[in-house]
Structures are given as structure tokens and as C-alpha cells.
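Both complexes below contain chain A, partnered by chain B and then by chain C.
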Partner chain A sequence: MFHNGIKYGRSVMLVLLTHLIMLSAVVLRGNYDNIQQVYPLAIAVLGLDLVYIITLRFFYNQMTYTMDFLLLLILNISVIFQSCFGGIGFSSKHYITCILALICCQISFLLTRNHIRLMTIKKYLYIALGAIIGIMLITSVIFGRYNLWIDLGFFQFQPSEFMKPIFVLLCATSIMEQHEKKKILFFYISKEALMLTGAFLTIFLIQWFKHDLGSLPTFAAAYACAVVCRICYPKAKFSKKMLIIICAIGAVVVVAALKFAPGYVQDRLSVDIWSDMHGHGYQQCQALMAIAEGGLFGKGPGYGSLIEIAAADTDIVFSTICEEWGFLVALLIIFFIVSLLILPMINKPRSYYHTTMILGVAAVLIVQMGLNIFGSCNLIPFTGFKIPFISQGGSSMITCGLLAGMLKAGQSPVFRKPEIPSLQKKRQIQSGKTRRDNI
Partner chain B sequence: MYEEILEGLRNSTIFSIIVSAVVVFMVLICVFMIFSLAKEEKAIEERRWEKVSGRMELIDKKTGEHIPLEADEILIGRHGAADIRFPDMSISRYHAVLYVSNGVWRVLDLGSTSGTYVNNKKISSQVILKNQDEIQFGTQAVIIREKGRRRRNVS
Partner chain C sequence: MKSIKRGERLTIIIIAAFLIGMIILVVKIIMESSFYMSHSTHVKLGNVYDCNGEILFDSEASLEKYKDDANYFIDIGNVIGDDSGQMTNTLVSENINKLQNYNLLFGATKTGKSSIHATLNHAANRKVYEAFGNKDGTAIAYNYKTGEILICVSKPSVNILNYENVSELPSGSLMCKAFYGTVPGSTQKVSTLAAAIESIGYSAVSEKVYNCPGTYYNNYGTGIDCHDLSGHGVQNISQALQNSCNPFFAQLVEELPLDGIINTFRDMGYSVNKSKNKELEINGISIFRASTELTDVNDSITQWGCIGQGKTEISPCQLMMWQSAIANGTDKVTMPYLIDYSTNIIGITTHHSSTKYESAGFSSETSKHIREIMLENGRNNKYSSIGRSVGVKTGTAQVENGKHENSLLVGFCDEDSLPIAFCIVIEKNESQEMSTNQIAAQILNSLSES
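Moving on to the complex of A and B:
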């Protein structure tokens, strides 16, 4: 952290300026009847910038602020995108979820930065995962087997989303006790590895039961990162043999899963969108046409027609942004998320726990973004994923906030004042005495 | 008047290109500035880590060799992959781990055959290490001490 606030002032000004330029683009190219329609959006975006930065500066003292600036930049740009779909307005729901995501980011940062403390509460992570799975099973009984949502009237949420940060934390904490291997038959097996595999298989079974196999790749990616970290640990000895065996097993599992997947998955995998334009391929066809209509520079904010299609602001949000803002601006989404993941590589983590945590978060976010964008462009089957930080959605945005907090924790390890003040005091007294003696 | 000009501009492709280019350019500049800030923060954090956590080092009691402690988690063992390797048969392949949190170093035995001793006491759980503590891994003894101080207990 800089003691000189001017260094941060420069970045704060740039974030504000970027948002101002985005808002100016809305004024210059947007679809509105009266300029007053833009005011609520402008006030909300610039207000959140100022409030969040002031809160960070005066009420909170942390080692690094770069992740906060980047997160604020992305979230407010997503508010501008979401408020412009189909006409300039203000998407209050998305704005509130963005604020919640910022709060969750700070909470997650505070909870996950100290790996030693987290190790002591590791069992509660398994309890939390069990509780979420229990809630999912209860909702299956109450609302129907395939229902993934819980409706509280004023708020709807998807409990399965919250499994992602918990599973990433399980992966990260499992890396710390891997030395404790025991020989079972012919193999040296760590209890932690078994528990993590058990957790992954339980998630797989519950997703299978709920017919929500689309979100399985995110968990599989986080689990694969944990496995690779485990193989590569300790860092100098890279077990190529083990890695090849695991890759081969993984490939066999993927091929078998594709071959023996349930009927509804096979339908999705083999659908030809152009021959089924008004059926299963409707959304993808419209999304592709919207990308083509938008071109490089877009029709202008608010002039898009894709908003009339279901899930235009969630599952096919990439196409909606392409149509209104153009392909060039839409590419910025990929750039933002990749930047967010690259940032911890500049300020590298100092422990295997933080490394595994960052890799797990990166895997979840990259897979989620890839499945959404490639699905929208018909490069892979459409899975209905949301783009992190951009798509509208309460549970998804809160989960992204929690994951961003983990990224921040990974790049900002704990090295504040020592835990034992009495010991320091003793040393200070001793050094004081020596100085006096010398005099 | 203003609305008419704006309407005219909206229909112009060049205007669309200019606005999109400015938006993309500004976002890129902003992200790169944040990256450059992250680099500057890294240098500050490294100095701070050095000040808080990097002030300790190990001294090999036999040879007097200085072993720096440069990470939050350091694996000690006989295995070629250990961060600090002692090629001594009394030391297990994965013998112990040194952790640092908030500037306080701890040692944890990883179920080694010959055990880990701190000041001649066998440890079974994490033990906080203080300046000039003697740690014994098998028959290999080291002393943890603050950098730049005169050795007292090392023979």
C-alpha cells in the first residue's frame, strides 16, 4: 500500500474518467427521448465509484487496492451495459447485486487471506457444502426435482451457485495436509485427497439428480486445478508420469460421459441450430444474427432488438452487447476477466494454499466465461451459463464477488503487525536497555 | 438544434467508429494503468514482507551455513523436491513445514520417523518459533535467528 495517496488518486481519476467516457458514449449514441433519462444511471455509476473509493481509503486499510479498482471498473461498466439494453434506463436490480458483490468481495477477502486461520475452520467448509446440498435436496422435494431456484417472494436465488466458492476453498485447504499420506493396499493416499474427491463426486451426483450437468465443468475445472497443484507439489518435483496417467483417466471419463450422457444432454450436444431455428436452436440463431447485425461498432446503446429474446441479459448477454455496442467493445469483456485473473500473477501468492485458491478461481471464471461466449457463438452446445460480473443475476453476482475476494486474498497475503505484541514489546524494551547501556 | 446535430451524428458511421475507439482506448489505458500500479505495489509489498516475515533465517549448526526463509510455507525434508533439503538418512522425505503468518514463524512435524525437536522438546503440533530457538530434524540441528544479529549459540 502506498503511503502517498496521490498514486491511488491517479487510478481513481482514470476509473472515473473511463466511466464518464462510457456515459458520454451513451449520451452521444444512445436511444433515449430525453437526456434526463441518462441522469439516474450517471449519478448511480459515479456515486458508487466515489462511495466505494472513499470507503476503502478512510475505513479500511489493506495492502493492495488494484483488484478493487479493476472490480469497480468492471461492475460499473456492466451496470452501464445492463441499463442500456433495449432503451436507456437504469437497471436497479443489477446495480444492487453489484453493490452486494463488492461487499461480498471484501467479506471473502477478510475470511480467506489467512491460510492458517482457515485451516482451523476447514471442517465448517464441508458442513457448509453439506448444508447447501441438503437445501438442494429439500427444494427438490418441495418445488420439484429439476427446480434449481428458491423463491422467497422478494428474492430468488440458486443455492448451487454458492457451492463454487466453497469448493474452491476446499481445494485450496486440501493442499496443505497432503503430506499426511497413509498406505492403503498398494497406494499412498492422503485423507484430504479422498475427502476432496468425495466432495466432487457428491456435487456430480447432485447435479446429475437435478439435471444440471451444465455447471459441472466449473467444478471439474477447479478440481483439476487442485489435482495438478497436488501433483506439482512440492514445486521442484513435477511428477510427469502421474500427470499423464491422470490426463489419460480424465480423457477416458470425458469420452465415456459424452457417450453415455442422458438423453436431454445428447439432444443439446447434437442439435443443429439452423435446421431447428424455431425450436432448440432459437436463442443461438438470434444471438448469432445479433452479433452479425451489430458489426464492429454496434447499432448504438439501446437500439438492440435481442432484448425481446429470453435470457438476453444473462445467458446470451455477449450477443446483446455485440449488437448494441459492437464486437470491439464486447471483446473488452474477455479482456476484463482475463485482466482480473492476470492481476494476481503480478503480485504472486507466497503459499501453496493461495496458489491453489487463485488457480481454482481462475478455472471457474474462465470456464464459465468460455461456456457462455462459445455457446452464444455456437462453437459448443448452449449451456446457459452467465458471464462473470456482466450477466444479470443475484446468486451468480454474489458468487463472483466472493471469488473476486479470494483473488484479492491470494495477491494480498497477511503480513501485518506480528501476532505476539508482548514478544515485540519485550524486544523493544531490551533494545532500549542496550541503547541506554551503550550511552 | 442540439438534438438535430446529435441525430445527424448518430447516423454517421465515422462518428460510431470514433466513439467506439475512444471507449476501447480509454478502457485499455485504465486497465494498463491499474497493472502498472500493481507492479509498483508489488515492490512495496516485497519490502514489507522482507521487513515483517523475512527477518528470520536458519543457521545450520554443523556448517554454520545461512539458509534464507523466503516464502510463507517452506517444506523441509530429504526429498529432492523439498524447499530446504538435508541429504541425511535420519530426516524423512517430507519431514516438517515452516509456516509464517503475521511475521510469526511456526514449525509443524509431518509425521516424520525421527521427529522434530524445538529446544530439545519433541513437538506434536504447531509450535511458535522465537529468535535463537534450536530446531532439530533427525540429527540435523538448525537455529532460527533474526538476520544481521551476532550468533550466540552456534558453535
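Moving on to the complex of A and C:
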């Protein structure tokens, strides 16, 4: 049985009511000269709400809808936030990326809910990963080694972002054949495990080469979850001793990585932001001051000044929200995102593949969110990440949409074998023959 | 099924770890938000008022606003300071979080009632500042019964209404010298007397008589000069303190146990031979801790250290603090404070000072004996210009390798209606064109009037 937690009508009410309250806050407390400035935002937000609600009800009816409504709720809140930073307006670019994220979520859901189908196309995942790494290397040659972006003029995107959903899928699919292993010397080695480790090391090397080690923890978290799932598998021939050894090796690797990290990483690890508040600590100091300035209820939408700081709508977006909307609203949106990850606990996954996939998505999104919020607030070194679904950025938003689709797929899986057209024809011919024979 | 549950548990662990991080973040923001705001330019600071409600710090101060009295803040410029970040160790810089019209609930507001009510008396402070004339130096005075600092002047000072180029200011303008170390000169003899009484008892000290021939040659043959090279002749301790006789004290130190002097000095708060001592501060303002070197009672370095030269340094504030124990005749120092009370963003009093005491490092008996000797000294004609019953000790400190002399005066007023202890330093006063008595008289008179 599927559980949705909240009834359909109540879900609709929750989404609409939340967005109406936020739009009212914009009208009552916002920084605008003319009320007409609020109209495009209100029409866009409520319009998307209605279109999505109608689509879900009449054209795309599903058993699980809580995830869709929660995603819609978060994305439109994000549109309201982004449209109000520094003054009321309408962030059309962010709005489009949010719609793309909703579409990507559905595509990803349909593609990943059937693990048997996914197994048949697994090799293409490796090919896709290889292609992305190839593109990253080509951009290094064309645009410079440290360039992470591809600029198509009308659209900029970050290829490395797309590695995340692919890597999570690789982790999930690798689990399925994990019992097929051979003993080499003292170790039980699985081909899948080796390939996954190879993929992770390749990602590590490309990130090292591109000086983008900040995003490595997301991949490391997904990989670590896959390794732990492998160890936790009942048939896995891992002893507790082996688990301890692996944890110890992991700890040594982390310590060594911190000790021998490149200079630019060391700078970020060791910076005392308040004694270098006009240098390396500038963004974090401004971010913390903005949180304090906002207080619990914020200065009001559009009245923030943090927007003048670089990456105010991406890397330090949590602080920008705190400044304009208050600390409570910022915590509320984080609660919504975490709820998205908790939903699979209601509709529990029914296969190890789906469990690993949900775990991988949760690890990637939580690490990404943690690095952003805790980094910008100086609890950990600042790496410059984006909060899923909230920060501006097309690549990030599409990636998050794809990951959200995987979360949804984990809740309503399909276990039947995929229908392959050639086999279908054969079966039809065979069944026709049998019928004729019977006649 | 078991493995699926394990995967779920792992997901919950990851989410729980994140939520723990969020809880830590919330606590951090609640605890530190005032600190963050102390760096912000978007917060309006409240005012600092003196004990009579006069403004001592105004965040919106400008030459235009104070055009009627452009030197309004000059006397407290380097004590109260400002929020420009150019000055540290001032009342404003160290208590800026109390002045912020901010709290986490409301955020930064422009109409808050945050304020600090200081103990200083602005009118008296100005008079004392003006009394220095063209001389530099410092004067600090407080109520030795309650601990309220009433006067704190340091010249040269800075006009906070008009200073942009810090490098063009005279040296020492941005710091209140009352809180920083200086050579104490013969005012150190009060501490040496306390150490002597604590080490061998008052009766033994009072029986000591030594001859001052002008220059005394110690056991190692080093000469200890007296300021009166013709000598003071044979004296007892009371006469020696009145005469501020160096040879007497050099001979006294030779007969004292080194451990006894060191222990008393350390108990009084000295850092002896670079030993560590606990920090001393007044409402966040760091006060220089007294320091000296004592290695051998027969050695001139130790003897000069006890006389008030050599490597001895003390802040005028700490010299004044010891006077409170002597004036009260107790073994406790009355701890001084500059903030009487402060109010928060909605005008509620959040901090109210109370009188606190700390060990003086010597007994109440010692205090009483020193008190009598100092009062006897104060009755001397040369202090008559102060015009009040005072217990005092003067000092002349050679600074800049003997190039200049600073005049010092520590003491207390022995009147119930005016329980004031003070320390005065006039810099480069070798020609004695200004007397510390004048400043002392101004301190006591202006406080008496107000």
C-alpha cells in the first residue's frame, strides 16, 4: 500500500496557502514602489501551482503525490525568494529552471523506478559519465584548466553537476550484482565494486585537475554510502574487523587529504574569518552579519543588502534569505527540504536497489546543503555550494530535479520486466500461433 | 528486508547528523549574533552618558551637530573612544555589543534604547583636563568605597569629532595612559613599605633607622643616589617616606628576605621576574599589570626596582587601586568600574554594577600603618595647596633613559564626604613648572562641587 501522509485536497491547500501567505508578506513588507511590481511574481507562482495541480489531478494521476506537492511548494518558495532579493521583481530565469526541475523530476522518476530496465542500460551510464568527463577535459583545453562552465551564449551550464545523478545511479546499480565476487588473494573482489571505485577515482582526479575539490564531498558521500550498503548486505563476506579497518583507512585518508590539500584549500581550512574579514573571510563575515541583521523575522522582502555581495543568491543564499525573511523562515524552508528526504521513510523502498538509490540521493543533497549552510556560517570551511532547489543555477536545479525524481521512484517502484519491442512482437506472434493451433 | 532496513537507518543517520549540525548552527547564531553585529555598519549604536546624564558618546556626532562646542568630547576622547575602529581598549570599543540597537528577535532597529550609563563625571573631567594646561599626562580618580571611576583623563587626547589621519596625531593620543604601564618612581615605595611590613612586621620596620649620605653604596659597591645629594641624614621609615629617600629604601631592602618581598608583590598583583598573573580589566578594558624584577636584595637592579626605577612598571590605575585598601584600612582593594548600568534595545536595564573587592595582597594592619604614614606625609606643608586632608606619596620617574622626568602623585582624600583615591602623572615635568598638587586639588574640588 502507498501512503501519502496528507490527503490530496489538503496537500493542494497547503501549497496554495503557503504561497499566498508568502506573497502577502511580499505585498505587506516588501520593498517596491508600485504594487504592480508584485503582479508578475504572483501570477507566475500561483499559475504554476494551478497548472501543476490540474496536471497531477487530471492528466498524470499517480498513487504518490506528496513528493510532487512538496517539490512544488519548495520550488515556488524559491522563486519568491529569488525574485525578492534586493528589491521586488520577477526572476524569470530562476522560474524557468524551476519548471525544468519539475519536468526533470518526472523524467527521472519514470526512468529509474524500474531497476530491471535500468540494469539493461547500465553501460550507458558509464558512457555518460565518461562523456561528461571528456567534455570537462575539452573545456579545460578550450576555456582554460580551471574553467567549470560551458557558455553557449544564451545558456551557461556546469557539466560536473550532471555527474551527481549518474554516479548515484551507478552506486545503486552496482549493489545489485555485488554478490558476484571472486576471491583474489585475501579479498573478495566484485567487478561492479571495482568499476564503481574506478569511476569515483576518475571523478576525484578530474576534480583535482580542475581545482574543484569543494564538490568532491558529495561524490565521496554517495560512494561511502554505496560501500556501507555493500558491507551491510547480509551475504557480504565482510567481518566487523574488516569494517573497522575500512573506517580506519577512511579516517587516515581524510586526515592525509586535509594535511596535503593544495594551498588554496589549506587557505580556506585555516582562515580566521574575523581577522581576515576583508580578505578570505569576507563572504562568510558578511553572511553572518546578514543573518544577525535579519533577526528572527527579517528586514522584509527586498530590503536586504547582502545581494551586493558575490554569490548572494547561490553560495550564501541561506544568509540572504535570513536577512530578508528572517531566521525562522530560513529554517522552515530547510525543514521542507529535509521533509523531502524523509518522505521515503513513509513509503518504504522495497528493494536494495531503491534503498541504495534513496540513500545516495539523501547523501548528495544533505552533504550539498550542509556544505552550503555550515560553510557560509563558518561552522566548517567554506566551499561554495548551492542549496538544492533554492540557490540559483540551471545545472544545479536540473540535477536536483533528477535526484528528486529518484527519491520519488524509490517510493513507487516497478518490479515487472521491461517490455522490449522485439520481444513483444515475438510473444505476440507466438501467442497468435498457439491460438490458431488451438482452433 | 534486513538489508533494506539497514539502508533506511543509514539515511536516517545522515539526516540526523545534518539536523544536529542545524541545532549547533541555531545555538551559535543565538549566542554570537551580537558579536556579528559589532562588525556591521547597518546597526545604530546607542549613546554613552555620564553620571549626570551628559552625553559621552554619540554615534551621530559630527562637527555640525556639536558646532557650539567643538571640543566637547576632547577630555574623554581616548577613554570612551568611538566606533570607527581606530581605537581599541576604550569603553565603546570593548562594550560595543551593549550599545547595539539590536537583538535577534527584532534584528537591527533604528529606534532602540540601548545605552551605557558611565560613572564618569564629565564636568569634573573637563576641568581636570584643562588643569593640565600645555602638559601631557594622565589623572584617574575613583570612589574608594564604591569603585566608581569618576575622573579619567589622558593627554594628549583625540577629538573624536575631527580626526581622520591618525598618523598626524601626537604620539599617545589614541590611548588612555591611566590603563598602561609607566615607571612609578617613588610611588613604588608604598608597595615596598607594604612588602617590608608584611615580611618582618611593622615594629621591626619602624625601629629601622638608616643614614642617607646622599649616595649609598650597596653591598656590591654600586651607588644608589638620592634626589637630595647632600643627604637626609639619619631617618626612620616615616621620615624616609616623607623625604622619598632612595638610600634608606636601598638599605631597608638589603635587610628584607627576598622571598618575603617577592611573595607580597605577587600577592599585590605584580608580575615578578616575568611570572604570569591573572588579567586585570575594567568593563572589558585591559589594564596593564604591574611588573618588576627582583633577583638579589643586594643587587642594584632589585633595589632600584623597589625604589621605583629600573624595570618596574605599573599603570596609574593599579597604583590608585592599592590606595583604596590603604584609605579604607582593609586588606581588600575596591575594584573600579566605568559602567554604572546599561539598557537594552527596549530600555530595560540589563547590567547594573555593584561594588566588588579583591585581595590587596597585604593585611588590614599593614594598610592602617601605611595609611597613617601617608596621612602624616599629607599633613606636610608642601601639600597644603591641595587644601584637604589627604594621604599622599609623590614620585619622580626618570624615563627615556633619564632624558625626561615624570612627576607622580598617588593618594586618597581622608574625608567621609569625599572618599576619593587618585593617581596623577605629569609627563616631562623635570623643570617642575606644574605641580601634581594642582591637579589633585582640581580633582577633589571639582568632585566636591558636583
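In this section, the second predicted complex is superposed on the first by the 400 of 439 C-alpha atoms of A that agree within 3 Å, B and C clash if a C-alpha of one lies under 4 Å from a C-alpha of the other, contacts with A are read in each partner's own complex, and residues count from 1 in each chain.
The definition used in the following text is that a contact is a pair of C-beta atoms (placed from the backbone, for glycine too) under 8 Å apart; a residue touches a chain by one contact, two chains touch by 3 or more.
The model shown is predicted, which means the values in this text are computed figures rather than measured ones.
In the superposed arrangement, does A:L402 touch chain B (first), chain C (second), both or neither?
Once the two structures are laid over each other on A, A:L402 reaches no partner at all.
Going by the contact rule stated at the top, is it chain B or chain C that touches a larger number of residues on chain A?
B
When the two structures are overlaid on chain A, which partner does A:R350 contact: first (chain B), second (chain C), both, or neither?
Both chain B and chain C are touched by A:R350.
Which partner does A:V15 reach: the first (chain B), the second (chain C), both, or neither?
first
Should A:G298 be classified as contacting the first partner (chain B), the second (chain C), both, or neither?
In the superposition, A:G298 touches chain B and chain C alike.
Scan A:I333 for contacts with chain B and chain C and give back first, second, both or neither.
In the superposition, A:I333 touches no partner, neither chain B nor chain C.
For A:L70, select first, second, both or neither according to whether it touches chain B, chain C, the two together, or no partner.
First partner only.
Applying the touch criterion given at the start, work out whether A:L288 contacts chain B, chain C, both or neither, answering first, second, both or neither.
second
Tell me the contact category for A:V228 with respect to chain B and chain C: first, second, both or neither.
second
Of the residues on chain A, which ones does chain B touch that chain C also touches?
Comparing the two interfaces on chain A, one with chain B and one with chain C, the shared residues are 234, 296-298, 326, 342, 350-352.
So in the complex, which bits of chain B are touching chain A?
Counting only chain B, the residues touching chain A are 6, 9-10, 13, 15-17, 19-24, 26-31, 33-35, 37-42, 44-45, 48-49, 52-53, 71-73, 75, 79-83, 94, 97, 99, 101-104, 106, 110-111, 128, 130.
Okay, in this complex, where on chain C does chain A touch?
2-4, 6-8, 10-12, 14-15, 17-19, 21-22, 24-26, 28-29, 32-34, 36-37, 39-40, 42-43, 102-108
Would you pull the chain A residues touching chain B in the complex into a rising list?
Chain A residues touching chain B: 1-2, 7-8, 10-11, 14-15, 17-18, 21-22, 25, 28-29, 63-66, 69-70, 73, 77, 114-117, 179-180, 234-237, 296-298, 300, 325-326, 328-329, 332, 335-336, 339, 342-343, 346-347, 350-354, 412-420, 423.
Which chain A residues qualify as touching chain C in the complex?
Contacts found on chain A: 221, 225, 228-229, 232-234, 274, 277, 285, 288-289, 291-299, 305, 326-327, 331, 334, 338, 341-342, 344-345, 348-352, 355-356, 358-359, 362-363, 366, 369-370, 373-374, 377, 379.
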